[in-house]
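The chains carry the letters A, B, C and D, assigned in the order they are written, with residues numbered from 1 in each.
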Amino acid sequence: MAAGSGFGKNFRVTTFGESHGKALGCVIDGCPAGLVLSEDDLIPYMSRRKPGQSEFTTARNEDDAPEIVSGIFEGKTTGTPIAIIIYNKDQRSKDYSDIADIYRPGHADYTFDKKFGIRDYRGGGRSSGRETAARVAAGAVAAKLLEHFNIKARAYTKSIGPVTINSYDANEINNLYMPDHEAYEKASDYIQSLMKKGDSAGGVIECVISGVPAGLGDPVFDKLDALLSHAVMSIGAVKGVEIGDGFNVSFTTGSQNNDAFIAGSDGNSIKASNHSGGILGGISDGSDIIFRCAIKPTPSISMPQKTVDKDGNQKEIVIKGRHDPVVVPRAVVVVEAMANIVVADAMLGHLGDKIDFMKEVFQNGSSKNSKESKDRS
Amino acid sequence: MAAGSGFGKNFRVTTFGESHGKALGCVIDGCPAGLVLSEDDLIPYMSRRKPGQSEFTTARNEDDAPEIVSGIFEGKTTGTPIAIIIYNKDQRSKDYSDIADIYRPGHADYTFDKKFGIRDYRGGGRSSGRETAARVAAGAVAAKLLEHFNIKARAYTKSIGPVTINSYDANEINNLYMPDHEAYEKASDYIQSLMKKGDSAGGVIECVISGVPAGLGDPVFDKLDALLSHAVMSIGAVKGVEIGDGFNVSFTTGSQNNDAFIAGSDGNSIKASNHSGGILGGISDGSDIIFRCAIKPTPSISMPQKTVDKDGNQKEIVIKGRHDPVVVPRAVVVVEAMANIVVADAMLGHLGDKIDFMKEVFQNGSSKNSKESKDRS
Amino acid sequence: MAAGSGFGKNFRVTTFGESHGKALGCVIDGCPAGLVLSEDDLIPYMSRRKPGQSEFTTARNEDDAPEIVSGIFEGKTTGTPIAIIIYNKDQRSKDYSDIADIYRPGHADYTFDKKFGIRDYRGGGRSSGRETAARVAAGAVAAKLLEHFNIKARAYTKSIGPVTINSYDANEINNLYMPDHEAYEKASDYIQSLMKKGDSAGGVIECVISGVPAGLGDPVFDKLDALLSHAVMSIGAVKGVEIGDGFNVSFTTGSQNNDAFIAGSDGNSIKASNHSGGILGGISDGSDIIFRCAIKPTPSISMPQKTVDKDGNQKEIVIKGRHDPVVVPRAVVVVEAMANIVVADAMLGHLGDKIDFMKEVFQNGSSKNSKESKDRS
Amino acid sequence: MAAGSGFGKNFRVTTFGESHGKALGCVIDGCPAGLVLSEDDLIPYMSRRKPGQSEFTTARNEDDAPEIVSGIFEGKTTGTPIAIIIYNKDQRSKDYSDIADIYRPGHADYTFDKKFGIRDYRGGGRSSGRETAARVAAGAVAAKLLEHFNIKARAYTKSIGPVTINSYDANEINNLYMPDHEAYEKASDYIQSLMKKGDSAGGVIECVISGVPAGLGDPVFDKLDALLSHAVMSIGAVKGVEIGDGFNVSFTTGSQNNDAFIAGSDGNSIKASNHSGGILGGISDGSDIIFRCAIKPTPSISMPQKTVDKDGNQKEIVIKGRHDPVVVPRAVVVVEAMANIVVADAMLGHLGDKIDFMKEVFQNGSSKNSKESKDRS
């Protein structure tokens, strides 16, 4: 499991970088050639993740300006690896020297030391939420690719602490990315009450992917929902993932949970309901893909906590500095990014599923290309 | 995503086979040499999964006798691929001819056709629960390997429908694999009441993995919990996975959810609680690993359901034959198998984490081997 | 490098099995659905590899009857893994007990023991040439797929010992697979003279792959020639691989070695020569792909040889039994198999190279499928 | 085969970057923690590859200063991905505008267009030899790791055109990296005579890897020699690879080619000869690993050549600018780099080969670590 910093088989993303190292970034290998792409396509996604957006996010001052250093020529992808680099600017490493030898509860300090025998303790190093900046950049590229096929992933805050949205209001824009104004106000109050105590909140993010054609995903280990789970659970604070009706299926019966098929007007079938969350047997069924994930409360709290130091001595720790009292809002775009990466990968994977597709490309595709060449001359 | 029938990087399992084809099985590539292994090690696991165990499981008559055809010599693994074959005996393919052209709700019939343009409809073909027999065989090999390191995965039924266990009673043995006698009886009644209506039940499986050393898993995409989620969500009927406190973390606060570290007597640290479920930052923390998954109600029910046929015509379907009214009990050992495979893979991956480990093997290890050679001569 | 028994990314072949175990075989994961396939397609390839064909091959009595146990339904591939099993019949394991503790020069006995600490010594176990039976079966499936695109790999004996063919005569059929009658007769004499001494011969195999479209392969590490080299060098006795003019390029100059491009009548370009062997920059250029590999003399010879036993004692060994005095003729079809696997994999990989190909499949492809459905109803 | 810019399973290198893009570089995923490493370790290797070293190399002015931006903390590797970036400085892109629409013979211009439908034509883009700078940086990291185990790869120019070295003189330092002074002088003359005509030369590079323990590599597809072939053939100009006696084995007999084993004084066995080139059955045998590769003459020559343009029109091309008249000297360190990467990967892979190795790490290794912790406190 060494060498586990890559994800995806066809649209493969490898990330690198620590919170307070020189830079972080990613290499995307397998993005098809011919996609119009520039840094401008990444910025809107990066902005949704970057620190300093509101009272609920850390004040760390980072532009998070991604630089594409390869794989693009004259504004289009060339099919070669797209490397994206984000230099760290506001590093302030000295802030972290006091946690060099002590293990913060709920963080990966202890486990990194056990695994590697050494860790970059500055700001959590590789285990920092900052690592997700590279994912968001890669996800933006995947999103741009999926746009061509009218596929769109849309994630949002479903709940924070005990406050859950009642409905989805696309016009409700707020700094918690919570699409229900009343819920947003309650959640704000809830977070502020915790902030006063130096405590933190968790929540649930929901993601809906629309426009996914039926037939994506693989029958056994690489089921589309299995890959989504892998992708989403790999985000630092996530402790649970569910598809469609998720854990509620345990309470229902087959007759309630099965989605009836309905003959559609265009020859394609639709489902009368979507308990499955758009995936049947690991393969997309043409309905919206819907999943949720649980985000734990930020482990960095300013209340005193019991812990040990590197040498096993009992200690008390009070974590200084300003931290996100809830990571849910900033994680929304990370969840969306991972969803886009998984679906882009599955789209590419589907190309090899039938010999008919190969014929489409090698016979029709080639002749079409030749014709185009001639037209241009 | 073609070529998605393999799982694991170091302990790699590739499965094959359809419900009513000639055989199904797996190839395990990367199992270390020197492990004592025979079919006898697989049987107890296979028995927990096989049909016909009780009134709650399909009456299909299968021995599920796994045959190891490679990778073993004089009772030990040789380091070469271990192929395990399970021939299908009670195939009765004619039973399924009536579903050749019609899509069963909740099944993968429709999505397989969309993906591949063809499907082996006999008993669900590759999407059948029967596919998990190969996983269980592979999981048994992983379990045998982990025994040497005192690692043990133990899965059980946490709930069926609305009935949840109150406590874990290791002495309670029943055909629902539900370790609480009172809950078992209630769950039995619940299932029987559904069976009378031709309906089916879902539930939750919990798995506890004890003895896992701290330091397994990878920091970013291949977090140990991400791999567990991938592994478990890839089991047919699973719709949700959660680690530790799982979805409940969304309601708690940082001060409640963080596990304090306590100085242990032997120099190792322990945690005062285990909300994390044994994984911090994607890496095992030395506590028990605990996760749960939600299993949907069996989609094969005998109540009439609306659906469409291959040509898009509206139809009604009544699924004949005897099916498991609840797959939870038989899925328990499958969940355990996937857990064992993930942990075995992570154990092997950990070997490359530090240059010190390499020195241990290449310097101490080699010299030790040489000495042994001399001793033997 | 544990878990190294698989090859290919899109058309992935995993093999298993030892020379004298119960069975050997392979699992092909990623073969597209819709390919007409049966055991009959494998037999002609298996026959070219099987023992007992002539005076120059071992007399081991094996049918080498491959059995496809999964992945086929009603005569067509379903897109799920194709498992092929070949049971060992004429095992005669006792023949090999005398080499249990002694290392045969030129064989992998010593290195297997060093690697794994244990080995199945019967007939070379996993390192036996018999392992290639599984490759040939997998290669036959790849060949069947490539037929649909008019791609054909054709390997033959280029030389045996000092005897090289002068030209390629497609009508010359002989048991050395040497397409030049005069060379065949000389080579026969050469081998027979070595057989009398209990010695063995080596040779060179050449392979020509025709019909490969331009554009297959990858620019950097997974160049098409790099993958071919990997594939071919992984065959037991191969000690060298060269593409196009191969090692001779070291003597030529740029002006001699560069292939001029010529405007073709149909808008496609052709090359005035083919020093490149059909690959430029790791990507197929539309010309025939040509490569050669060097096969070492069979290490099993009946002349006495110096060696050591497991405990490091000096010994002399005389290898009994009948062995191929030259493995070149039987390796011809193995080389062809590996070439077919590489090209099938590259064909599938090419599908993801351009966003235009994706559009071809998802827009034209889908609509076409829908139309077909309607036509059928 | 999309997504083919990575190499290695355990020590995994992914490269990115074009000749005249902003930057090129690599990400190394899987390098063990605890290795002392800085840019200073890379410089000596980069210097051997960089342009402008002599009259025989292009005058392009590049520092090739690699910057490590992640994976190092306080001078040591942390086990997280090591990203290395090399910014392009002397890009002079306008020099290449004249080859935007025309295909240079012997280059990958035509094949890139066929594959991707678009190409970065500036200096060959991704197919430029400049891509190897990233490999050399990664190889330097692998070399540093291998130093700890006394493993050393050493490549040198074996021949240029018709001039071959007679012996290896470690003290002979020259700009052709040709360790035989007399041969060096003849080769110099040969190249200069070609330069006058605007032509170019090829040659052969040999690499010797000493100190490799027996037991590395995998029995079937991932044989150590197969991986070396893959690695070396993936270097742009390489047209052939051979191990040990290579193509010469075709002329020898088994009795000549087999290496006898000799009882060594220390209980380990040695071979009386090394025709095998240090690899038997795909696994290292403890002798030096020796391989050679053939490098084609630089395709960029200033003599007029026939070619076609993008629209298929017949053209003549004269390639301007100064190019290496022979790439052999600069490729020497690239070959060495790839050898180091393969062996580092195989070293890590070997750790999982035996259950005894696992015990060594998890039992002895852990206890040792704990003890160390105590000592330190």
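As a convention for this text, a contact is a pair of C-beta atoms (placed from the backbone, for glycine too) under 8 Å apart; a residue touches a chain by one contact, two chains touch by 3 or more.
Note that this is a predicted model, so its numbers are computed, not measured.
Enquirer: Smallest number of touch links from chain A to reach chain D?
Expert: 1
Enquirer: Can you list every chain in contact with both chain C and chain D?
Expert: A, B
Enquirer: Which chain's C-alpha centroid is most distant from that of chain B?
Expert: In terms of C-alpha centroids, the chain at the greatest distance from chain B is D.
Enquirer: Could you give the separation in Å between the centres of chain A and chain B, each centre being the mean of its C-alpha atoms?
Expert: Inter-chain centre distance comes to 26 Å.
Enquirer: Please compute the C-alpha centroid of chain B, do the same for chain D, then give the distance between them in whole Å.
Expert: Between these chains, centre-to-centre, one finds 42 Å.
Enquirer: Calculate how many whole Å lie between the centre of chain B and the centre of chain C, each centre taken as the average of the chain's C-alpha atoms.
Expert: The computed centroid separation for chain B versus chain C comes out at 36 Å.
Enquirer: Which residues of chain D are in contact with two or more other chains?
Expert: Only 2-6, 9-10, 15, 30, 32-34, 79-80, 115-117, 126, 213, 219, 267-268, 312, 348, 350, 352-354, 356, 369, 373, 377 qualify.
Enquirer: Which of line, ring, star, complete and other names the graph you get from chains that touch?
Expert: Its topology is that of a complete graph.
Enquirer: State the interface residues of chain D toward chain A in the complex, per the touch definition above.
Expert: Residues 2-6, 8-12, 14-18, 21-25, 27, 29-30, 32-34, 67-73, 76, 78-83, 85, 115-120, 122, 125-126, 310-312, 348, 369, 373, 376-377 of chain D touch chain A in their complex.
Enquirer: In their complex, what parts of chain A are in touch with chain C?
Expert: Listed in rising order, the residues are 9-10, 30, 32-35, 79-80, 145, 148-149, 213, 219, 266-268, 347-348, 350-362, 364-366, 368-370, 373-374.
Enquirer: Taking the complex as given, what residues does chain B use to touch chain A?
Expert: The contact residues of chain B facing chain A are 1-7, 9-10, 15, 103, 105-108, 110-112, 114-117, 126-127, 131, 159-162, 194, 197, 199-204, 213-223, 225-234, 236, 239-264, 267-269, 272, 276-277, 279-286, 294-301, 303, 305-308, 312-314, 345-346, 348-350, 352-354, 356.
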